[in-house]
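The structure is given below, and queries will be raised subsequently.
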């Protein structure tokens, strides 16, 4: 059969990426002690030199099939290794390519204990990416998570406190009794917050997605839980109101926690943190974001903390 | 050219709907005093008798073009009249059809005054539908809106109050001073709430979308605004916390308000109300919904209020 | 802790549905010979009587947790039994409810053999629903699938044939040689087609999702495959062009095949078939749809086939 | 009222972007001879220095309101000027910010003439972005479009031709008559293709979105039209089959056409072209993409064309 893709081109342009998007395939990741089935969506590509007409698209899906079959047979696997293996196989099977880029995203679940002591299954998103160059020993890999939690606004809380005191004074409540308002959290707007964190670098990277999830959850106003009985719900609301945070605070505190936890990562590693609050008082969302290498972040803290 | 769609079928099935989905077209609606440009998405269809192979699909889009051009020329128009006109024209242009069904949805904007007296533009969704039968003088029409606002949970608020009192008692705050906690709203979880209302009936219907939006906004814990300065924000938070509501309350209060406002609508008119709270303490959404004709709702209220 | 949901209402409205939307949970379905892990999204609800203020929302998620845990322990399970079990448990745990409604949808995968003899994993959507009434022994259940395949337009093909002959005649090709154009399929527009089929009924229903998928695939112009080498791809294109179909044809042929395959289903069972072609020559999509009980469809065929 | 955002921070991190997402506002663009109403979605942000706790979020929406009101009053406007004006105003109103980033996307419509001479309204997406630095006179701006059209696969067509000849030979059709198969396009898979083009650069840029749309449409296998009668449809199918293209070809030919058309743009301008084919024979999509500055593209062509 004619191989039109393989035709030589007289004059053309390099293409940065040629590949397929939106391929879903169930994958089993075997960790010590448990086995996780994920249903990731893959976006994979290679580059295309100027003198080649087309990429052999069917090979892209074949590589995914091989990688997934391989993952099912092997133990001690991880998503980062899976995307790296797909990227390396892409380079082998597209002999004209110099570069392969593989991304996946999937729903991810963890067993957690709720504030009132119940076992609940919580839902997250997980991301992995590998970029491999033919002439380069060291692949670039990234792992990321998206966590839904709660943010409570510190500004509205202080202004509500002022309004409440004003109202109570008008009802002739004396200042002594008003002091109670400084001892308790007062109402503010709170809402669903989605926070994304991704860390990427060349070379081996020993980072657990579950730790990244914990890092985000501990730096929101509070995590959320799928099951909360009345007491647990009230305690969670109080926890969030005792840790009110702007999206700006969420991003900064996560960066701070990340630098503290992962001191051994190289300065060249790139951290991306984005937090989105689905504002309960507006129709739009508010967000804060930082993309930076760790070197810049570390200098900054050192400088600032002096 | 061969007319394959027009071929006669020896034995086949009636089709309930044959048409096109996802057609976008800008439309100008001329109201007294203002002109509104909307960009609706249309889903339109006719039925197909058993003996006809195919529907002439190109006529569907032609009808939309004609209706939109017509709408641009005419004054005093409305979305309900637009969908009805499209449905009638579909029946005329598909001579084999007995039934036409036309739906549209669009972003919709209103100028509002914020709590701190600013002019703001607020964003809603608007819906319209017409179903017309060839042998039927009276078309069925519906109009609907979706409004984003705020819901604050009444249950968590009461339980937070109990917890706060317990904590303050442990700090030896006396009962007299604790009474302040019964005079003020205390923290609860609040969140974005999306509420949908649609009313449909045969025959003329004189209902303004803007009124339906107001009806929903006045029955949420509070409306939301695109711009809020510090004082307005704090006042809105307090308003919502003084009117805490379950999604169940939102739906019931809207039904109550609707029956009160639209006493002249026939018992056969069908009301659909659905409210979804994007729970700030959970990863999932909570919802409540009622679909019913007004007769049933009116009987129920009469019965219940006795 | 105060139970605000449990408060009695003096006068209110019944709610058709109160529940939660968008809960994702991994589920293992054990079939003889294989084990399938799915990640369904659940929408579940109960009704709410007029005299009860709120539904106990946390119980909804607890029921899903219990049902999923149960599913993991049991053998020979199915999605229809899973949704029924969730619905029955909802009724037990919401003692005030008379009705429970449970829906799920999930990505679903099958191993198939491609035209050139390769094993490929193909991606589908699967749907299940159960509605259970407290005073009713027989639950209503539904199962559905969505299949992506290929539709090729029969009308454009005939008109292209006319144009091609006209062009060749102008080049003085004689009629004898033009006859070749009647022996081969000529170009037409073809595209991704998404077809949905759902069958619902009261009482036990022994229908395999895999059979419904086959039924749809065999009634499209052709199925699609994730991996196709050059020869397989060309054969598939020819297969689709030898079976050109309108969306109307797809829906009717599926109904015909369904009635033929499932002769024992009761007349009261309701069949819903919808086919959407993502038209390659337009920016919009074309669709055809039939919703009907089998009795009506059977009468119609009998009548029509006489 | 307390200004919590304005509080000074002792030690923190710079934030790359703090702002709001998903704000929709109708906008009127006045061009010579016509007035276009768009309903864009805005994502806007400023950076945040390390010593400032929070961004004043309400000012973001105020700036959009002012810019939109201004746009309504002014003539000869453009989307690029609108986003630049919003970005400049953001910098003025957030005195602590050094950088503002404004993006919008909107549905966009053009009147076109269909192959059979009808006036049709076609639907596109339009994009604009401005990035402005406080200490920099020259803003960076970008304009982009997304166009839906048709791609027909050149590889499958050649392989179908081979198969058809083989079949006809088996039916004893002589070689002389088989030559007709080399005179006509034979079937291949074709599908909806979505192609995105964006050009960005510092300094003034005189590029019409309508020209970018034409550039894409002329480099697809064919454009698509919302209304096609039988003859027009057949002609369009033939046009696409006479210009079969891989996604790779689409991207390369658009780059070629762009370099040819916009010779005066500086080497530093960055071009991003991505084409996605919603493969009719697969469940996934295929894509090709190039991101590059014009200098690199120009060198490459020069080199290649020697």
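Labels A, B, C and D are assigned to the chains in the order they are written; within every chain, residues are numbered from 1.
Here is the rule we go by: contacts are C-beta pairs under 8 Å (C-beta built on N, C-alpha and C of every residue); 3 or more make two chains touch, one makes a residue touch a chain.
Remember, it's a predicted structure, so these values are computed and weren't measured experimentally.
Visitor: Using direct touches as single steps, what is the fewest number of steps from subunit A over to subunit C?
Guide: 1
Visitor: Where in A-C, A-D or A-B does the B-C interface recur, with over half of the contact pairs identical by residue number?
Guide: Within A-C, A-D or A-B, the interface duplicating B-C belongs to A-D.
Visitor: How many Å are there between the centre of subunit C and the centre of subunit D, using C-alpha atoms for each centre?
Guide: Centres of subunit C and subunit D (C-alpha means) sit 34 Å apart.
Visitor: Determine the centre-to-centre distance between subunit B and subunit D, using the mean Cα coordinates as centres, and give it in whole Å.
Guide: 33
Visitor: From the C-alpha centre of subunit A to that of subunit D, how far is it in Å?
Guide: Here the centre of subunit D sits 27 Å away from the centre of subunit A.
Visitor: Among the residues of subunit A, which ones contact at least 2 other chains?
Guide: 1-3, 23, 61, 123, 155, 159, 162, 226, 228, 230-231, 233-234, 282-284
Visitor: Using the touch definition up top, name the residues of subunit B that touch subunit C in the complex.
Guide: Residues 1-5, 10-23, 45, 48, 50, 53-55, 57, 61, 154-155, 158-159, 162, 246-249, 251-252, 255-256, 276, 282-292, 297, 300-301, 304-305 of subunit B touch subunit C in their complex.
Visitor: Which residues, counting only subunit C, touch subunit D once they are in their complex?
Guide: Touching subunit D from subunit C are residues 122-123, 148, 150, 152, 155-156, 159-160, 162-164, 168, 171, 173, 177-178, 180-181, 183-192, 222, 224-226, 228, 230-231, 233-238, 240-241, 278-284.
Visitor: For subunit B, which residues are in contact with subunit D within the complex?
Guide: 1-3, 23-26, 37, 39, 58, 61-62, 65, 68, 107, 109, 119-121, 123, 226-231, 233-234
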